[in-house]
Amino acid sequence: MAKSIFVLNGPNLNLLGQRQPDIYGRKTLSDVEALCRTRAQRYGFDLTFRQSNHEGDVVDWLQEARQEAAGVIINPGAFTHTSIAILDAIIATELPVIEVHISNIHAREEFRRHSYVSAVAKAVLCGFGIEGYGLAIDGLAALLGVKAQAA
Amino acid sequence: MAKSIFVLNGPNLNLLGQRQPDIYGRKTLSDVEALCRTRAQRYGFDLTFRQSNHEGDVVDWLQEARQEAAGVIINPGAFTHTSIAILDAIIATELPVIEVHISNIHAREEFRRHSYVSAVAKAVLCGFGIEGYGLAIDGLAALLGVKAQAA
Amino acid sequence: MAKSIFVLNGPNLNLLGQRQPDIYGRKTLSDVEALCRTRAQRYGFDLTFRQSNHEGDVVDWLQEARQEAAGVIINPGAFTHTSIAILDAIIATELPVIEVHISNIHAREEFRRHSYVSAVAKAVLCGFGIEGYGLAIDGLAALLGVKAQAA
Amino acid sequence: MAKSIFVLNGPNLNLLGQRQPDIYGRKTLSDVEALCRTRAQRYGFDLTFRQSNHEGDVVDWLQEARQEAAGVIINPGAFTHTSIAILDAIIATELPVIEVHISNIHAREEFRRHSYVSAVAKAVLCGFGIEGYGLAIDGLAALLGVKAQAA
Amino acid sequence: MAKSIFVLNGPNLNLLGQRQPDIYGRKTLSDVEALCRTRAQRYGFDLTFRQSNHEGDVVDWLQEARQEAAGVIINPGAFTHTSIAILDAIIATELPVIEVHISNIHAREEFRRHSYVSAVAKAVLCGFGIEGYGLAIDGLAALLGVKAQAA
Amino acid sequence: MAKSIFVLNGPNLNLLGQRQPDIYGRKTLSDVEALCRTRAQRYGFDLTFRQSNHEGDVVDWLQEARQEAAGVIINPGAFTHTSIAILDAIIATELPVIEVHISNIHAREEFRRHSYVSAVAKAVLCGFGIEGYGLAIDGLAALLGVKAQAA
Amino acid sequence: MAKSIFVLNGPNLNLLGQRQPDIYGRKTLSDVEALCRTRAQRYGFDLTFRQSNHEGDVVDWLQEARQEAAGVIINPGAFTHTSIAILDAIIATELPVIEVHISNIHAREEFRRHSYVSAVAKAVLCGFGIEGYGLAIDGLAALLGVKAQAA
Amino acid sequence: MAKSIFVLNGPNLNLLGQRQPDIYGRKTLSDVEALCRTRAQRYGFDLTFRQSNHEGDVVDWLQEARQEAAGVIINPGAFTHTSIAILDAIIATELPVIEVHISNIHAREEFRRHSYVSAVAKAVLCGFGIEGYGLAIDGLAALLGVKAQAA
Amino acid sequence: MAKSIFVLNGPNLNLLGQRQPDIYGRKTLSDVEALCRTRAQRYGFDLTFRQSNHEGDVVDWLQEARQEAAGVIINPGAFTHTSIAILDAIIATELPVIEVHISNIHAREEFRRHSYVSAVAKAVLCGFGIEGYGLAIDGLAALLGVKAQAA
Amino acid sequence: MAKSIFVLNGPNLNLLGQRQPDIYGRKTLSDVEALCRTRAQRYGFDLTFRQSNHEGDVVDWLQEARQEAAGVIINPGAFTHTSIAILDAIIATELPVIEVHISNIHAREEFRRHSYVSAVAKAVLCGFGIEGYGLAIDGLAALLGVKAQAA
Amino acid sequence: MAKSIFVLNGPNLNLLGQRQPDIYGRKTLSDVEALCRTRAQRYGFDLTFRQSNHEGDVVDWLQEARQEAAGVIINPGAFTHTSIAILDAIIATELPVIEVHISNIHAREEFRRHSYVSAVAKAVLCGFGIEGYGLAIDGLAALLGVKAQAA
Amino acid sequence: MAKSIFVLNGPNLNLLGQRQPDIYGRKTLSDVEALCRTRAQRYGFDLTFRQSNHEGDVVDWLQEARQEAAGVIINPGAFTHTSIAILDAIIATELPVIEVHISNIHAREEFRRHSYVSAVAKAVLCGFGIEGYGLAIDGLAALLGVKAQAA
């Protein structure tokens, strides 16, 4: 049976491609979803892909993932720096959770350098643009011991 | 006429009993609700018992309590450390508000030692496990001058 | 065609007039809305006026303003001090955003002196009571080069 | 055989009822002792009740409790914020120790918000006035699995 | 009898229009004075308008305003961040004092984010360019309950 | 009837005259007591003069002063910087308490610049050598409205 | 020949008696000068008494004192906390300089607790009201070894 | 012509597989090199693979990469947190540099959470074990627009 | 004539061997005393060995040592981190004072890393278990130029 | 036509040679002026040389330099560490401004290590004694591309 | 078979006896080596004794010790305060490592009070002059359970 | 006999002219060396000119200078901010050491504003571009009392 993975996106990521393209690029969140679906298929993963501007939704979805998924990829957006609720929800999943950021958050404002999520994520990557989602799925597959399927 | 009290729970408390049982124990939020109902009855209190992962819900409910309740018991979970909106809503209730935590938050990570809520709560307790809710109801009754009713 | 402006209000502002009147005065949020409508008419602005206790709603509405409005006036309430999501949403609007506070937040608790919003707002004002909304509309009109219409 | 509990009070608590009654109330330390004796009887506990202005006495008594008691309730007064010796003595007891404060220390001066004791106490409560001692005995009984005896 | 208001300007504001026009715009301090005179007339205010590079002058003038004026508008320039003497002089005026900045100081260097003046001003505004002076006079009039006079 | 004043000295002040004479001078604590007795007589004060290396003693004596004295002069020595118990005891006296230091503590190590006592003392003086005690008695007399008696 | 002493007063002290009388009392700076003249006569001192709102004046006068005076009493007002120029000028006097404050600055806002002047003053006193000037002259006389003259 | 990439390793990485295997795993640096060579071949990259315990060597090699390579992957080990020289050398390369860590450095000691390198790296990843090197090569290829070659 | 040395122990050291044996080992304070007596004999030293939970006792004993001893070995326990009174008493001894800790305090909680005593001790050692006392006596003998006596 | 340069000196520099000669040397400000005149002549510069204890004068003179000079050399004395007004005036000059200190300010008190001026100066030098003024003129000439004239 | 121990010395220790003799004494590093060889013989230890100014050498040698030695004595000199690479290498040795300093580093500049090494060393000593190396060998022998051999 | 001076350069200075020319200019390190040789000749100095990316080399060379040179000019590059080993080596030289930076480090990133070297250097200069080396040699000559030789 196919394993399920969740890709969760935090606030303002629905504006991807329109907002500050010099930082975030011109690809949209639909492009990200398409990229994720293609990459997930490579490993036979079912994909749940969501975005919300509400912290509570992200917590709800992490609790849902806890029941249904084998792993989670999360781009918490601005919640990265402010949400202990998400930190707690990640611990509660007892799953490998990969934190992704499109831009290199370490090269930006000081307040973007602290992440509550990083301390409880299994792995973290940033700065690869939207390809970071693809690398995160590859990395999650490796952590789960799932190999790419023959084409 | 019976007085009403609110017991409000913040994010991830719906996972109680499943999440990190070494810290939070094995009792569920239903167990907490049952404990609260029994204890509230002892004082003839009507009980409103709620949980949400959304900060805005907790603020909404505190505003509701402001109209309807004689006192509030709140376990703000992770919002304890990050929500000034809840701090403001507690002030606005003009009610005695008791802050409860199941674990001793002072014995955990540094970021759990600061509580925005404590400065505006009437009283605070932590570390008694779920029995802390019972003690909070007893304490709230004492603050309100309500005595236990004859059995 | 009339330009549209948004006036967005954060948590607990629905309690205006009831909560801590020594700080916030006795006028209600309806009074604020009325004041804003009158003042907006002076410049021929369409007005969207909203309040929520949910951070996500404020982010959603800023994204909506991004599509529809010529400018935004925001009183983020407690989110002023805690929300990077709103900061990001304001940047994304690419509109002039005016931050308003009814009280002088610099004369209150230390934690109210830091505003994430101020760094990305076009202009900031506080301490004028609810008349601050009127001044903000006047100021926004000036920034947009819109003059008051003949009576 | 009856279990023994210690109730230890730190500096200036002998002035209770006379000193700053707006903060600490008008009940005296004798009232506190009477309240504690009544409540301890409910659980069949022997009670040792003491106060000192000397940090060393509190350390000595914690070491005594280590030999003789099943649990400790401590209101360390000002030593809460300055004494690592008491912190070490509490660890050494290997007993459940409940920290009590009459006022809500989180609503007072900044230097009263840090407690060396809280990190090693089993549970903490504050803000319930002298009734806090009663709740602490109830809570200690619950932690020890001792039920109230039939009247 | 006409009420008097003071508009006081701190160091380097005499260079307005020449210094860093990308931040401060191209209008000169004479333009500001003209704008203020026009706006003050609208309310029937007498206007005293001054600038100095000497902290002591600003203190002297605030003491003068204390005797003669109904309110003060102050752009303390760099003294905003360094002068406790001006803070004390503002308290001593026992008048409504409005703090104005041409640029949004919160969007600039870190050391410009702290204002000694804001904590004792009645109201604060920044980021509206020189129109901020006009809004400050409008706001001061509102605080003083003075209405615009018929044209 | 003669008024009583207490002069209380903290740790190591019994070594005065022997310890670090370049900082504390060569006069002994007996010299200080003699100076105080002479000066107290000038105002008809009874004098209680004590020294201890035990923080608890100083707290006990402040409580005693609370019952018997019209004012207190205290040189808390090293407890100045570490004792919140003494701070609380001073508040509890509800008396004018003058803090004295022989050396100028502001010209010494950084950790000697913070005094818990100063915030609750009525007045503070340091750097006058042992004559500081005399000035403190003069100052206390002035605060109490007691004049020097004819010789 | 009579020795000369300088009494220098910083910003806003000319408002003494009018400004915040709950903190500074109702005596004026003229009262202070009169008190100082009377006390100086007791020791045969010539007195120079000045006040300015300009930091530079205070520096100029300290340099003048350096040439003419045997000692200085300074109440730097707000410059206490901000002026390194005055610190340097005090060092340069090579005279005993006594720092005086009318109120207890340690019991006020945090920013009033740091004094640049204290580290280089010979002695410091605060909280005695305007009598503090008298005690400072007494103390300065003692430091200079000048005795009160027969009446 | 084949492009060249550098993989540079900082201090103690030569102990990989032997040192703290619970943190770093049991694979050796030879295993890492083999993994990198295989992965580099997939993109037709020439690979230079080095390790040193000397900060100066890492700086020297980055300068060498500056002349010869199309991109760099660096695991600076402990130099991550202490070397501004490496930060400067990375800027000087004017190449895409990917920072890799085997463990999740954000879940470890506080001093490992600050990286001088991250602010100037193009992208950062950590927590994937040695597979992180493979993902870094994939990511670098994507950034360089180099596709995997047919098998 | 034999020289005298003092070995002074702070709070909770009387529990040695019983309290947290994983940190402090299973040897008791009697074992420490025996070890010290044997080692002191080697150098012909008279030994005074004491322990107290009262800071004031430690200060008193240091003053006693000042009169009678050639050197002091002190394990201040928790007072290490909180007592400026002991710091002052050590300075006053004008003797070589060796600070000893059984455990390596640098490998424990952050608050145990700061020692007021270390800055005024002649030498410091920690982490050797109770043998540290023996090394301290050896080291003190070397500092005093006293050689081991023939057996 | 000869270019003009300004050499501006802050507070207490008029005492040069008399004040703390171990730090500042025995040369007077006249010596400095003479040195500067000689050195300026070497490049054909007109020299304006001034000193004031008033921050406002320094700001005024920088504004004057803005109109008349090709470059400025400034020794801001104590204003270095406290004056944002001078910082702003330097930016406004749009000239190369060289900051000079006679002593090495980095080897002195901590509060002398931060300079507001340095961040906006073109170049900074300290520790060369009064010869530093000569080097500053040489350096300014080099920055302006002015060569020494034939003797 | 004889056990081996390493004594490793960091930067500038080769200047011992010449550099700052008031702090470090007049004995040279050769004297230290001789002292160590004599003391090591007492326990039958082989001794490897080295010094380098290169951090990388110290890391290399710790890795060498990891293979060959039973314990390490290290005086990291300035690297104490700056090198995480040495911290990591010490952990990797899995040996008892004793940190030695000739002077009492706690009595010197603030930046010398923090040691990265101390947190991972087994034991630490400082302030005994070069005899500290001898005590460290004695202490290491005790920790290894090796007794002095009969002469 | 000619005096010798050392000019020592830290990491990445070998890239001068290629790396970030907007900050460091387009002159190479060879240009710097040529400039230094010419200027040294003016005073009859022998010149040793070196660069390394290895901190240990800089320490070695400072020790060499200690034996052979009359003074040192050092541009420590990134080691400025991180190397206490170089700080110690500079103290050990007992020579006048001049710290030079090509750019104005105070106008760059925060972490470049702290220099360990400055506190022990004799003099410091920055921001003059490579001409700074020339001024440093002039200044060193002045400090050594060496005059320029006749051409």
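Just so it is clear, A, B, C, D, E, F, G, H, I, J, K and L label the chains in written order, and each chain counts residues from 1 on its own.
Keep in mind that, in the parts below, a contact is a pair of C-beta atoms (placed from the backbone, for glycine too) under 8 Å apart; a residue touches a chain by one contact, two chains touch by 3 or more.
Everything quoted here is computed from the prediction, not taken from an experiment.
A.B. asks: Contact counts by the stated rule: is the higher one at C-E or G-J?
C.D. replies: Counting C-beta pairs in contact for C-E and G-J gives the edge to C-E.
A.B. asks: Would you mind reporting the rotation angle for the C-alpha fit of chain E onto chain K, rounded to the nearest 5 degrees?
C.D. replies: The two chains, chain E and chain K, differ by a rotation of 180 degrees.
A.B. asks: On a C-alpha centroid basis, what's the spacing between chain G and chain L, in Å?
C.D. replies: 48
A.B. asks: At what distance in angstrom does the C-alpha mean of chain D lie from that of chain B?
C.D. replies: Distance between chain centres: 23 Å.
A.B. asks: When you check chain J against every other chain, which residues touch at least two of them?
C.D. replies: 54-57, 82
A.B. asks: Give the pairs of chains that touch; include all such pairs.
C.D. replies: Between chains, contact exists in these pairs: A-B, A-C, A-H, B-C, B-D, C-E, D-F, D-I, E-G, E-J, F-G, F-I, G-J, H-K, H-L, I-K, J-L, K-L.
A.B. asks: Considering only the defined contacts, which chain L positions touch chain K in the complex?
C.D. replies: Those in contact with chain K are residues 54-57, 59-60, 63, 66, 82-85, 87-89, 91-92, 116.
A.B. asks: Spell out the residues on chain L that touch chain H in their complex, using ranges where they run on.
C.D. replies: So the residues of chain L touching chain H come out as 10-12, 14-15, 18-20, 52-57, 77-79, 81-82, 111-112.
A.B. asks: Would you mind writing out the residues of chain I in touch with chain K in their complex?
C.D. replies: Those residues of chain I that touch chain K are 104, 106-107, 115, 118-129, 131-132, 134-135, 138-139, 142-143.
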